[in-house]
Amino acid sequence: MIEKISNITEAIKKNINDNDTIFIGGFGHLIPFYLTHELIRQNKADLTICRSGADILFDQLIASKIIKKVIFGYIGNPSVGLSHSFNRAYKSDIIEVEEWTNQSMILRLHAARMGVSYLPSKILQIGDKPSNINYLKSTICPYTGDLYSAIPSLKPDVALIHAQHADKYGNIQMWGIDGDTIEGALASDKIIVSVEKIINNEKLKEHPEMTVIPAHRVTSVIELPWGAYPSYVSGYYSRDDDHYMEYDQISRDEEKLLDYLDEWVHSSKTLKEYQEMIGKERCNSLEKGQCGKK
Amino acid sequence: MTQNNYKDITINKRIAMIAASELVGYRSCFVGIGIPSDAACLAKITVEKNLNLIYESGAIGAFPHTKSYSTGSPSIAHGAEMITDSLSVFSELQAGRIEVGLLSAAQIDKYGNLNSTVIGSYDNPKVRMVGSGGAHDIACLIPNLFTLMPHEPRRFVDKVDFVTSPGSGLELDKLRSKYKLGRGPSLLITDRAKFKMSVDGWYLHSILKDFSYEDAIEGLPWNLKPPASEPIIINQDIISSLDAIN
Amino acid sequence: MIEKISNITEAIKKNINDNDTIFIGGFGHLIPFYLTHELIRQNKADLTICRSGADILFDQLIASKIIKKVIFGYIGNPSVGLSHSFNRAYKSDIIEVEEWTNQSMILRLHAARMGVSYLPSKILQIGDKPSNINYLKSTICPYTGDLYSAIPSLKPDVALIHAQHADKYGNIQMWGIDGDTIEGALASDKIIVSVEKIINNEKLKEHPEMTVIPAHRVTSVIELPWGAYPSYVSGYYSRDDDHYMEYDQISRDEEKLLDYLDEWVHSSKTLKEYQEMIGKERCNSLEKGQCGKK
Amino acid sequence: MTQNNYKDITINKRIAMIAASELVGYRSCFVGIGIPSDAACLAKITVEKNLNLIYESGAIGAFPHTKSYSTGSPSIAHGAEMITDSLSVFSELQAGRIEVGLLSAAQIDKYGNLNSTVIGSYDNPKVRMVGSGGAHDIACLIPNLFTLMPHEPRRFVDKVDFVTSPGSGLELDKLRSKYKLGRGPSLLITDRAKFKMSVDGWYLHSILKDFSYEDAIEGLPWNLKPPASEPIIINQDIISSLDAIN
């Protein structure tokens, strides 16, 4: 069997090109922070990033000026505030924006996953449409005459996601909150996955219903424990809510944010350095925190 | 605690307790983080034990005991009866299988249109906010929609700057019927009063005990007559359980 | 909380009307034999039954003359042979038939589950179409001009399914092969579920990712261990392949089939009688047989 | 075993061994029960260890060690690396994410059209069969399609009674391109020979060692010239593993 285990530098270098459209997984849970930071460290250019609900990882990518376009249903720092880097970029017109809603983003990915170029939906027929999606068209049911929006498919070039487990062949196991992570991964041409732990194939097959992406769809797997920090991983560690709140303060100020990125991204060239940034004490405390089923 | 003056209760808890009272009889509720989540939890532990809380992250039968920042937070997953994906939850919503939804926003207007996108113009805004998330989708699709707003006059406007989540009223009702959508917001709950929707927009339905008519309409830009209904008195069970929510 | 536990007689009497359209779960695995037989015992009339791949349970329902119409993608006795009762009914024109393919049946249910009246698909545009679906229409993507079949939604009145576990509130847990069981259940207005075992709510919440249908969607739950025999239940008992093979011989002959139905359906008025028909020895052997994860 | 006469091998195993040889280089294969499943298993344990077997029941990375009656049988679930639902598997198929498919049927014609629905007319058939199942869907959508048929002359016809699973050839190729479908059957494998598709239908590509040209075309209704290619010799690993399949 082909082995898919890679290292983060190679995986990102080989599989992601400037101008690619990248789906980034994680819905509160399992956000691939460390894996995605590699895009910044490698100074990729003109990327389009997409998902339904986007949080501070999107803000960091935008702040790093490697993003040409952002496609989303929500962008902010959940329950804390706004995405300040996005807002600055939006107001100064330095990024393209395509703004949908969470359901329409998920339907866009679902269409791609299902292999069709659009799906009918009742949403986005009333209310204001962001000017960026004025191109949205309608469709009509040939049986009932029902009127629908035609939600266009969105097929990313690459998905970056984080999960609990993989085997060396690239079968991915995940549990807990999914959101649109699996949908977005399966909609994408390439899938790069960081995991908390590589497990063996025999152990994986004890729970085939926990496998969410089959080996033959996966491009690369990288073992990156704590790779989802400051988001969380069910069964491993809790969410660092404080980090999100501090980020709100920091990201209001471009200077401070550059320092933050320097520490948490540029200087964290190895996973070990990232884990040291988090710190032993904080790790211990988050491991004891609420994080769901082992 | 019955003798308590409702004014001593915090703003968020006052909204949650009125909203919880309105959830009696419902079985499934689409909730977001914040006051909507608090209100639904409060209903579930008091007056409507049959209510299933549904979050867009895919958690169903959830019951967060601690503060949640995201609909995907550990506290939402913890103790949920089912965890599925967002597609499934939004599909249930579009299929009309979720009975009631609770929404909040930065601005609300006379017809219940909600804005969580921009203050100012879309292309050149004064404030750029977080966008719809699932709010537009819920406002279009849910059969019964309650809007929850703290009584801060700047949030109440004649016309929202951007209609993220469409409301109701004569014009929109026609379109909602044409596209087979939900009937739009039927209820607006503030920390002082309850408003219901008519073809002409919100009217003041009833006022929370210990608040006056003047309190209820203070700074609101709409033309609101004194209510015909008695003051709102909250079920004692709900009042006693307010400490259980954040 | 509302408790959903019921007995089979009441659940079927109250919730299923003559002329209803019924989705029947089970894809090789978890076929709700005993629960569905109650339709025959109660002598319901003019039912429409539907699913993607239909096996001998459909044959038995058709033989019992309670079926007006059958909607399917496949109908037979897998790897053994034909559905003889279906074939007799088909040739003598005593049932209406609507014949699709497995994928189109699943898309019909998926459309209903998603709350839209059709979904676009590439299939059913070339090849012969059964005359019963000559009404199939096409649709065109407003962005790409791609041509699609418009697969019409199918929203059953009731779903009958079998699963491993439920709690008393009606949360349903299932693992192993699903096929279109969950899709069909969630597409339906009412959902009636037989399970191997009622478990308590606390135990169920230890594995929220195993819950496939939430309590508020479920109409009735009935504890019916061995209710999926002669199909199988992962973690409980294996498939009785011999029973399927014997059924092929029996169902070729209408007289013999009536005797079979008398024994396995009409005379099995209680679950205990059904279990006695299976027999202790066979139960023991099937429990030891291959049946997947506990 | 190299000295063995291939005629001593059972019909089903001869088909499976030729088909297994053709699966080299593929990563994902949509398989049904019977010879298709046997062929894919044989390839997986010998010449193509990277092949992921995908069943319409939702089992992926499956590897049945005992006889399976249904794609949902315990033996399909047992040892699978992933169990998802049928919708997911058919979605992967429609999205062009599964590379190769194997199909069999009651009848096959010159252009690879397959029939598993009726013998005779649809509304008044001589024999009513099981219908498409997933066969139509696979034949429309899969990028590479191999058809597997025991050499029983009655199964080979000029025109099938009902096109359950559409084939290829000049007319259908145009439609396949118009609807952005898979390219249709490219290969027909019997227990005696291998046929490839051209715009004029099947041509005889090569004959299994120990069989003659006359054996290969015996009773077939098509005009088939002797093949240009050498006889088919099967990889020794495959021959040695034939006992592992049913």
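Just so it is clear, A, B, C and D label the chains in written order, and each chain counts residues from 1 on its own.
The rule is simple: a residue touches a chain if its C-beta (ideal position, glycine included) is under 8 Å from a C-beta of that chain, and two chains touch if they have at least 3 such contacts.
Since the model is a prediction, treat every value here as computed from it, not as a measurement.
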Contact-graph separation of chain A and chain C, given in steps at minimum: 1
Pair sharing more residue contacts (C-beta pairs) when B-C is set against C-D: C-D
Intercentroid distance (Cα basis), chain D paired with chain A, Å: 39
Where chain A and chain B are represented by their mean Cα positions, the distance between them in whole Å: 29
Two or more partner chains touched - positions in chain B: 59, 77, 83-84, 93-94, 141
Sequence positions of chain C contacting 2 or more other chains: 115-116, 121-122, 146, 175-176, 208-209
Interchain pairs in contact, sorted by label: A-B, A-C, A-D, B-C, C-D
Complex contacts: residues of chain D adjacent to chain A: 27-28, 49-50, 52, 54, 59-61, 77, 79-84, 88, 91-97, 141
Chain D-touching residues of chain C, taken from the complex the two chains share: 26-29, 52-53, 55, 72-76, 78-80, 82-83, 86-87, 90-91, 99-104, 106-107, 110, 121-128, 130-131, 146-147, 175-180, 182-183, 232, 234, 238-239, 241, 244, 289-292
Touching residues on chain A, where the partner in the complex is chain D: 1-2, 112-116, 167, 169, 171, 186, 201, 204-205, 208-209, 211-217
Touching residues on chain B, where the partner in the complex is chain A: 33-34, 56-59, 66-78, 83-87, 90, 93-94, 113, 117, 122-125, 128-137, 139-141, 162-166, 172, 175-176, 178-181
Contacting residues of chain C [partner chain A, same complex]: 115-122, 137-139, 141-144, 146, 148, 150, 152, 175-176, 206-210, 293
